[in-house]
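To start, the structure under review is shown below, and the notes come after it.
In order of appearance the chains are A, B, C and D, and numbering begins at 1 in each one.
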Amino acid sequence: MTDTLKLEILEANLQLHKMGLVIFTWGNVSGIDRKKGHVTIKPSGVSYDKMQVEDLVTVDMNGNVIEGKYKPSSDLETHLEIYRQFPKCGGVVHTHSRMATAWAQAGVDLPAFGTTHADYFYGAVPCTRALTDAEIQGAYEYETGRVIIETFKNNVIDPMAVPGVLVCGHGPFTWGKTAMDAMQNTVVLEEIATIACSSLAINSKTSAIAQVLLDKHYLRKHGSDAYYGQK
Amino acid sequence: MTDTLKLEILEANLQLHKMGLVIFTWGNVSGIDRKKGHVTIKPSGVSYDKMQVEDLVTVDMNGNVIEGKYKPSSDLETHLEIYRQFPKCGGVVHTHSRMATAWAQAGVDLPAFGTTHADYFYGAVPCTRALTDAEIQGAYEYETGRVIIETFKNNVIDPMAVPGVLVCGHGPFTWGKTAMDAMQNTVVLEEIATIACSSLAINSKTSAIAQVLLDKHYLRKHGSDAYYGQK
Amino acid sequence: MTDTLKLEILEANLQLHKMGLVIFTWGNVSGIDRKKGHVTIKPSGVSYDKMQVEDLVTVDMNGNVIEGKYKPSSDLETHLEIYRQFPKCGGVVHTHSRMATAWAQAGVDLPAFGTTHADYFYGAVPCTRALTDAEIQGAYEYETGRVIIETFKNNVIDPMAVPGVLVCGHGPFTWGKTAMDAMQNTVVLEEIATIACSSLAINSKTSAIAQVLLDKHYLRKHGSDAYYGQK
Amino acid sequence: MTDTLKLEILEANLQLHKMGLVIFTWGNVSGIDRKKGHVTIKPSGVSYDKMQVEDLVTVDMNGNVIEGKYKPSSDLETHLEIYRQFPKCGGVVHTHSRMATAWAQAGVDLPAFGTTHADYFYGAVPCTRALTDAEIQGAYEYETGRVIIETFKNNVIDPMAVPGVLVCGHGPFTWGKTAMDAMQNTVVLEEIATIACSSLAINSKTSAIAQVLLDKHYLRKHGSDAYYGQK
């Protein structure tokens, strides 16, 4: 994997820590080199304070370590399954950020209550079903990836239009075209999870915005006729 | 437009970012030179970290770019409609600040629950109706301005006494005599939106303060007999 | 008034700002020299960033300015009435800090839900009745002081054991033996107001602690047999 | 006690303050030298800003001061009872951190709503019963320790698997293999108390995760077959 890509992955890991979305070692960012089929990820349980590019771990699509002196993050198998099944995904993030985790623990989808949500997520951020006992006792991290894929397949959601999920009773996984893009989606998910909780507190009957408003906001930033930004 | 005015607009943009009311590029401040009919606004999707006065964009009242190398904020047409219809307004701000956005998403007016509110907003901060599908699919940003004006006209609210609005399912727009004044009203709106949500959580029957208390606080700061501050 | 006392009052003003309990110019601390009957207070509407000891204003017990180039805080008459009626009080603070203000707007007493509260406030922090129209339209700031005194008299509360009050629809006033002591009580009131709101959210039937626990905690810090700290 | 151990205890005290879990002097960390039966603890009511290793107080298991110029923390007897009854415990922490205290004041157990909780606490963090009047009026701090022990005994909870408790109407006590470990559990308890409160706000029927998921997460970090981190 190129140093440029590795540096981006390191930077995305450090940003999450700097922005307060990650405490201790609770979080991990990975990125993929699609041509080589190599994934680079944060090492397991290593402090952010001293993390350097050579501490990252590079694996192949079966999780075999190719480069790096540490063990990869224990969530590696979830990341790999996301890369395998969502072929446009270039970066994956997992955190226990407070408000996204609160929604995951509440076990409900995060509705698109407003345009802030619609600017980045084209519809509700879905919450998975709970894993079965067999899944938990089996290849747990891989099965976590499987239930994420199932959620998107069963509900016919485009993972690049809704780049995140709430794993029931656990927390958020987010992704994007690149590791930095995935990191940004993580920050946005935490923000909209926070705002939505307050909207519900103010008005327990708050409902999702109209489809046409969802379309307008998502597509003015992400559609082929996007006109937001300097494009 | 004079450099002094442009510097104030830049400063107001940077302040919102510094105070945590804006993340990424989610927000924009503009200011107007009423004599020339020129409006200067933040460029669309440009990072705050490196923003300089020459990055701002100056347009005429029809939105034609007069000066600046970037595209103006995508919310420009909303700002312009506010300037056209509220002739005493000298600066406009749009953010997705957490708690004001939570109220906008809840789709309800922010009541004047206390004197903190009354010191800056002379009555409830109104929430607009939702835009119609036709408005969203048409000139969306201009129609957002139209529904703001409609809210103030239909409810006979003086826009300089209630210098802000919650756009339903979207977020707050605020304004003031100058860009810095508008920026200050944005901070206050976020503060009173935060406090009001907690008041409701403590006592779901919390009600607006009496008209006479609203009068007292608003007028001791803003009336012709104001006695707050060093005036 | 001695420079030492003035410096303490300045420092207490600046501390509130530094700790985030005050934004813009929303707050004021005063202190009293009981021998001379002189009160020194923050000037009205002057920024904290550049505030210096010579910006403070000294008045006599009737509010006549003795020293200082600025107008005193508009809340001066409330401070003076507190000093007149609570003779052991040496410092007074007024803020619009978020959570104490939320309780004041909710219009309910802040119950002693735990020992954190009991360590500083010997019972519920009372909320005043709403002022009458005549009181608001009359000598408003003085009447605010009057309703605070009435609340303590009618409920037979010792103001030095419960050094704070919630003015209904307005916000907290706090006091103490000195300006710094009053400042500390302000910070504590904000903290217990925050915790109490969350306790209610978790369990809407949360009730005040037993009188004997209230006694134990208050008296181990403040009674004649206090054994907390290095006394 | 060795200087290394004392420095760790000092560092754990300072960390809590730095991380915002403690304001003023509201909190205390202690550590034990099991061979000598000596406990070192923060002095009572001394500011964190200037705290140095020589300010700590060392006592024997009966609370007699062996070393140190200050009085020990007033909560010493609670710490000592925890050390006596939980023989694997090497460090104890007490704070009034906001959200853990909110749960303690609410008087209810903190359920294991998610895997963040399960990673550190193997089941609900229990809330004690309220102390009786006789306990409060007697050896209060010792009785606080007694009721903690009773809670773990009666509910057959392993204190090293659930390294914390909510003392009803008071606040959290946490512990761990070392003082730093106890400090880390304090931070985690505050984090999960915060997330759980939001989960309840989103969905009042949020329920604890399945036992098999609790097992999986706790044991992948703490069991004999742990595979988290670089072990």
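Everything below uses one rule, namely that a contact is a pair of C-beta atoms (placed from the backbone, for glycine too) under 8 Å apart; a residue touches a chain by one contact, two chains touch by 3 or more.
Here the structure is a predicted model, which means the values were calculated and not measured.
Undergrad: Going by average Cα coordinates, which chain is farthest removed from chain C?
TA: A
Undergrad: Specify, for the interface formed by the sequence copies chain B and chain C, whether it is same or different in terms of residue numbers shared by both sides, with half as the dividing line.
TA: Different; most numbers are used by only one of chain B and chain C.
Undergrad: Could you work out the angle of the rotation that brings the CA atoms of chain C onto the matching CA atoms of chain D, rounded to the nearest 5 degrees?
TA: About 90 degrees of rotation relates the two copies.
Undergrad: Provide the C-alpha centroid distance between chain B and chain C, rounded to the nearest whole angstrom.
TA: Here chain B and chain C have centroids separated by 33 Å.
Undergrad: Could you work out how far the Cα centre of chain B sits from that of chain D, in whole Å?
TA: Whole-Å distance between the two chain centres: 46.
Undergrad: Going by the touch rule set out above, which residues of chain D reach two or more other chains?
TA: Residues 200-201 of chain D touch two or more partner chains.
Undergrad: Select the category (line, ring, star, complete, other) that matches the graph of chains linked by touching.
TA: ring
Undergrad: If two chains touch, include that pair; go through all of them.
TA: A-B, A-D, B-C, C-D
Undergrad: Which chain B residues qualify as touching chain A in the complex?
TA: 23-26, 43-46, 70-71, 74, 96, 98-99, 101-108, 130-131, 133, 136-137, 140, 169-171, 197, 200-201
Undergrad: What residues of chain B sit close enough to touch chain C in their complex?
TA: Answer in residue numbers: 113-116, 184, 187-188, 191, 194-196, 198-203, 206, 209-210, 212-213, 216, 220, 227-230.
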